[in-house]
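Report on the structure given below.
By written order: A, B, C and D. Residues from 1 in each chain.
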Amino acid sequence: MTAILLELAQVLLVAFLAPLFAGLLRALRTILQNRRPAGCWQSYRDLYRLFHKESLQAEGTSWLFRFAPYGIFGAFCLAAGIIPILATGLPLAPAADVIALVGLFALARVFQVLAAMDTGTPFATLGAHREMLIAGLAEPALLATLFTASLLSRSTSLSVIVAHLEQLHFALHPSMVFAAAAFFMVLLAENARIPVDNPATHLELTMIHEAMLLEYSGRHLALMEWGAQIKLVLYVAIGIALFLPWGIVPTAEIAVLPLTVPILLLKFAAAALILALVETLLAKLRLFRSPEFMATAFLLGVVGLLSFFMLGA
Amino acid sequence: MISCLPLDLATGALLLWLGLGLLGFLLGGWPALACRLVFPASSVVALLLTIAGFTALTATPDHLQLHGPLPALPWSFQIDPLSGFFLILLGLLAFAVALFATGYFRSLPGPDLRRLMLQYHSFLLGMGLVLLAANAFTFLVAWEIMALASYFLVVTEHEEVGSRHAGFLYLLIAHLGALSILLGFVILAGATIAQGGPFSAMLHAPLNPFWASAAFLLTFFGFSAKAGLLPLHIWLPDAHPAAPAPVSALMSGAMLQMAFYGMLRVDFLFFGKLALWWGPFVLVVGLATALFGVLFAAVQTDMKRLLAYSSMENMGLIMVAFGLALIFRTHGLNALAALALAAALYHALNHAFFKGLLFLGSGSVLHGAGSVAMDRLGGLIRQMPQTAFFMLLGTLAIAGLPPLNGFVSEWLLLQAFLLSPALPQSTLSAVLPLAAAGVVLAAALAAYAMVKFYGIAFLGQPRGTRYVHEAGRWEQSAMALLSLACMFLGLFPGVLLNLLHPVLLEMLGRGFAIQQGLWLTPVSAQRASYSPVIFFLGMAIALGLGFLLIWSLFGRPLRRVPVWACGFPVRTPAMQDSPLGFVQPLLRIFAPLYQAERQADDAGRWQVRIGEPVYRGIYQPLNRIVLWLSAQVLRLQQGRITLYLLYSFLTLLVLLAIWR
Amino acid sequence: MMITTQGLAWGIPLLRLLAALLLLLAFAMLAQRRLLTLIHLLAWQGVVLAAGTALVALLTGQTELWFSAALTLCLKAILIPTVLHRLLRRLQVHGDVEAVLNIPLTLLAGIALVIFAFSLAAPITALTGTVTRGMVGIALAAVLLAFLMMITRRKAISQVVGFLAIDNGLFFAATSATLGMPMIVELGVALDALIGFVILGVFFFQIRETFDSMDLQNLEHIREE
Amino acid sequence: MLILLVLACAAMGIPLLALWGDGRRGAALFIGLNTLTLLAILALTIQVLRDGAFTAGGGQFMVDDLSIVLVLVDGVVGLSTAWFSRNYMLHEIAHWSLSRRRVRLYHAMFQTFLATMLLALLTNNMGILWVAMEGATLSTVLLVSLFRTAEGLEAAWKYFILCGVGLAMALFGTILLYFAAQKIMGHGADALLWTHLAAVRHQLEPQVMAIAFIFMLVGYGTKIGLTPLNNWLPDAHASGPSSVSAVLSGLLLNVALYAVLRAKVLVDGALGPDFAGRLLMGFGLLSLLVAAFSMLRQRDVKRLFAYSSIEHMGLATFAFGIGSPLASFAGLLHMISHSLTKSSVFFSVGQAVQSVGSREIQRIRGLLEFSPFLGWALMLAVLFILGMPPSGLFLSEFLIITSTLQAQPWLTPSLLLGLGVAFAGIFPRLQGMVFGPAPEGIARQPVAGIIPVFIQLALVIVLGVFIPWILVQWMQHAALLLHG
């Protein structure tokens, strides 16, 4: 019973704190760029406004166009239920291991891309195929890193991995270091961050993720944005779970939860800071540099795998 | 008595198919009647075959011998769990395809129809016989019948030079393949080959390493010629599109798997001891094929060609799993081998379903929109909604996305890969995860290719097709069935895995833990678990709740408006991505592989032509060499009689001199 | 075969002499440029052949050999040469036979052939009876020489002559080496030779009327390119 | 005495046809005679069935398990050729405006040829065998040059000279054989009787026998069409009437091979199996490869299939060279299936050529469109020739390859190379002829002419699916006989 409650709690927490994380990230970035931030709660305001706006459906678009936002949102909510963020061994966790999780993200992506192609506008399709390319190269890298972790812990179930990694005293295995680097690059790419994509751009020709949303408006757009924010949080959560797992407690012992949650929040804040730093320091790559970026990530992941076998850890 | 039921049932079904073929040939005069009568009947027969397959999984293996061409050379048949599984595959696919054909060939003129019916059913017959054959001779005859029948189906539109060329290439490679399979069998069967090389005599044939490897290579060559593995795939992308859609579905979904069946039987049952390098060899070939196939699938502009290349990719994945199974088997890790093998078999069945579905769908597109050239299609989802829906399911399935079936087999495969540390050989176990990464890359690119497939053809605005009409009842029912099958295999993997158990037992002496309930835990719940149903429900609930919530809170009717398109004033279909434009990044990244050359057509538009590197690299030089040789040989015929006399004279003298 | 001792005394050397003559004639044909002479030589070969057969008949006392000797004389020494002669005149084929290979080289090749033939036949002759010692070798040599002649000549008629010369060689082998083949076989062979010769005659006229020349170049059009 | 009856049936046709062999009457007579012959042959078969091999005519004639099979094939192919030649010649006569004399010549010579074939198979005397072969050559020379075209003349001339010389060599071989036989059996008529020779074959003088066999191989090999002695074959096949090409490929080559086999048995006795076996394997493989490669550039359809005949005879020769009972069996089966199939090929090709009016493969198109029967006849016949099941050729090739891999594993690759190249050479051309749109100006031919094709192909299928037990028995005995 408690487990199910915890499950729900985690999902809702992620869902409703995701905008906050996004807002925090944006605020930090503006501060780092010596501009005045609009405050952490801006994302909530945006969503609220969008939800109350009328949403339009472009002519000649099919049911896919309308279905996609909900589908994507649903997918991410499910993911939020599976990844051990607050605690390991949640009831939903066994339903999908890391591989299935990656599959889930892929599913969401495919729906987004199809929805974009449904509109049949030049920019949307442009964004669509760029997205597919980036994803196509990012996915192997992501799985390579996850494989490193699961080879280390002889399991592909994320919560088992976390539980196992927590046991290890010295967690910074060389393989995991490489994996962490690779994972970070993938995170940037998958969440349309600089240097691969720029979430704040207004120049269609350079867009990837934004280009696919051009035809959306009102609640649909809101869902899409929200979904993206959740996705970012989820990725960060996975990163935390894999590389700084301490403080994620087994479901059994919820008692310590009040202690761990603040740690968790700290971790997220730190992640936001790092992201903001990176986005400020790096410049966006040309589109055709991004494959090289991905390739580097992939290679790092592979090196991680190899070093696991070579160094036995 | 019960025990010999499946074989009787199967042979009976095959005979019925033959009869239906002849019936169709006779009824050719009344096309409408023939269509309505023969194809549904044939689908019923397919069901019989499926039942036979199911019973065969549990029944004891069973033999049947008929008097052959020579007393010592019988026609002999057998049925065992392995053939049972593939019979199920064949039967289910043939069932759906026949339903589809009922509607699809409605409008075919009599003479063509009668030919087609005969060849179609002899094709099915050939495949069935391949699965039932119990000695080398029967097997090869069945194999060639299968090849011939499918050849005739490939050249159905024999007015086009293209399809003739495709047919020739196909039959040539198939023939060479058959010859080398024959050689392999001869080596395996040894002296018993004179009795037709009974498979029972080949079981764990004692061979010295050299001959064992020779037999392995020969059979592998022969079967991969049919499976379309690199570099023998050359016929595949031409032959599959040339055939009518139902036939393409069968060729791609079932015939390729016959090759896989052959490999399984030979490599797992006939070889007592496997050489170390076989498994890695197969795995590498498979991986290369998968990547090559998907990269070329992505850049096709013809729906059926794209699907053909994607078949290559899927065969590649199956081969990877197969190779992995071989590796584990070689090191005596039969449990792990069972997992890999299960992945392979699972994927084989999946591929039969979703590839069949997609080929049938493209057939309805051909009928409905009059073309399968993607640069003339677009926005079909509006005029043919049902077809579009089924195709969407097929696309998601083949893209390996949860909770559909394609994902399950890939998941199993990756699980098997992650067990590689169990291998004693450290280098091998270190390299295998890289192969896993390669598999993932192939899968991701496959998603790319298939999204293109669906998006370009069914979404966006029409690129020039008018007067599109939806597929007929028969077609729709067939596609619905196949997509249901995809859903089922995706949601309830446990069912199939339990069915696979006897097959694995036969091949490896052990299966893996019986799956119960909604959970898929091939090794242990700790190790890895996946529950598609819960997965699906969870997503559905989240989706539904979200929808209800948002609708109730902010629900307002949508307003239909013209597309904004960033306020761009003009908007023509040509502004969407073209089939090649969609994959332009790939063209750019893998430029050396594609050898793409751009040239302006008479309308002044740029046309990009993709080269086939294997064809240029291997087949053309080979062709040149052979032709040169023949030119040299023909110099013997100079026309001068004195010269000819000189030949005889010298022959005589040389022989006499040698003898002395 | 029983052969009387005085027969051995003078008969065998005579047979050997005839064999040598045959070989000599074969060489002469190989060396000969003019068609007419070629035909004469062929006729002489026929005579020698007949003589040889008759001699063997005399020595071994087989009556049917007398018959075949007579047959040979009529056919090979008289009938065929005369017909060829007539054909030659009828078809106005005259002038020399231009050889592919020049004569001295041809002769050298011929000598090499003879040596080869003898060395080949040596083991056989070693185990033959006294009578036919060496005959096989000579017959073989004659055959090969005639073959060589066919190869080196460029006119249809000369090839026919070569063909007939081969036939002579064979016939010599049949009679002198094996002291006569079974009668039916001899008859059959003779019959075939006759028919073949008739057909040749027909051919000449056809070739003549189609190409109005007896040169072999006209018969070298069918070829692979 | 049935042997003599068979020969009489065949022989009496010659004068009859020479007298009344023109017009429809001639054709009918021709068919009738061959029907008669076939009946006689069937009677003979039954007798052999009843009391095995036997000799007749004072041992001069002989029929055993080896010859009876080929005799049967001769009868069948002879009859179907006669049937085919009826319609075929009607058209040719009109086309070349052949005189009545010429038609009589055609029929008479054809009958002579068939008769000599039977004689060659049924005689027990190696000398008579030679005579029969020579007779066959002479008769077919006239058939090849039947149309008196420049091409025909040239082909016939080459055929005549090359085979004449070849057979001369064979005669020399025969003489040497007799020479060797004399030593044991003394001087006399029966020193050339095969049965007698076979009885004493172990005592025959090895050196003589070796030379004799070489001469016979070169001689009869010229007629089998073994490379490099095969140069007459494509020309003769191409320029003669298709009916003649059919029997050349279907019967003549077989009988020539038969002669070599008879000689092989004897020489094997004298020298052991290796000597002859190696020669046959070498020649067979060479012919197979050279012919296969020659097909890749053919423009003339009849030449194409002439080369294919060389290829198949090469394969059969190779099989006999291996020498194991299984291989010899396969070779025999291959001979039979080949002569049935190849004659069918030439029938259909003949009709196609008549319809289109050209032998160029390029010009022959769309047979399926303008005459489905013809198209399918050609398609099936050629597929069978390519060794596709369920034809007897598939079975024989299966057996040949298997026995090769057991006896001479290192030769199998070249064997497969040959088969593959042959496929690549023939098949695309077949497609071009059968498929596609039909050209203009087609002279449709009556379907009746190619009925025999389907009958013969049915027989070939029988050979591939279920061979009658008696045939199997005969061929097995023959194989053992050849094995010595």
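The rule we apply is simple: a residue touches a chain if its C-beta (ideal position, glycine included) is under 8 Å from a C-beta of that chain, and two chains touch if they have at least 3 such contacts.
Quick caveat: nothing in here was measured; it's all calculated off a predicted structure.
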Interface with more contacting C-beta pairs, comparing B-C to B-D: B-D
Closest chain to the centre of mass proxy, which here is the mean CA position: B
Relative to subunit A, chain with the most remote C-alpha centre: C
Euclidean distance of C-alpha centroids - subunit B vs subunit C, Å: 70
Inter-centroid spacing, subunit D versus subunit B (mean Cα positions, whole Å): 44
Distance between the centres, which are taken as Cα means, of subunit D and subunit A, whole angstrom: 79
Length of the line joining the C-alpha centres of subunit A and subunit B, rounded to whole Å: 36
For subunit C, residues that touch 2 or more chains besides their own: 120, 147, 150, 159, 219-222, 224
Contacts with 2+ other chains: residues of subunit D: 157-158, 161, 165, 211, 294, 297
Touching two or more other chains - residue numbers and ranges from subunit A: none
Set of all touching chain pairs, with the criterion as stated earlier: A-B, B-C, B-D, C-D
Complex contact set, residues of subunit C against subunit D: 1, 120, 123-124, 127-128, 136, 139-140, 143, 147, 150, 156, 159, 163, 166-167, 169-170, 173-174, 177-185, 188-189, 191-192, 195-196, 199-200, 203, 206-207, 210-211, 218-222, 224
Contact set on subunit B toward subunit C in their complex: 634-642, 645-646, 649, 653, 656-657, 660
Touch list for subunit B against partner subunit A, complex: 378-379, 381-382, 388, 392, 396, 399-402, 407, 411, 414-415, 418, 421, 426, 429-430, 433-434, 436-438, 440-441, 443-445, 447-448, 451-452, 454-456, 459-461, 519, 525-531, 534-535, 538-544, 546-547, 550, 553-554, 556, 558-566, 568, 571, 573, 575-577, 581-586, 588-589
Contact footprint of subunit B on subunit D as seen in their complex: 157-158, 161-162, 165-166, 169, 210-211, 214-215, 217-218, 222, 227-229, 231-232, 234, 279, 290, 293-297, 326, 368, 383, 386, 388-390, 392, 394-395, 398-399, 401-402, 405-406, 412, 416, 419-421, 423-425, 427-428, 431-432, 435-437, 463-467, 469, 472
List of subunit D residues in touch with subunit C within their complex: 60, 125, 127-128, 130-131, 134-135, 138, 141-142, 145, 148, 150-151, 153-158, 160-161, 164-165, 168, 171-172, 174-176, 178-179, 182-183, 187-192, 205, 207-208, 211, 235, 238-239, 294, 297
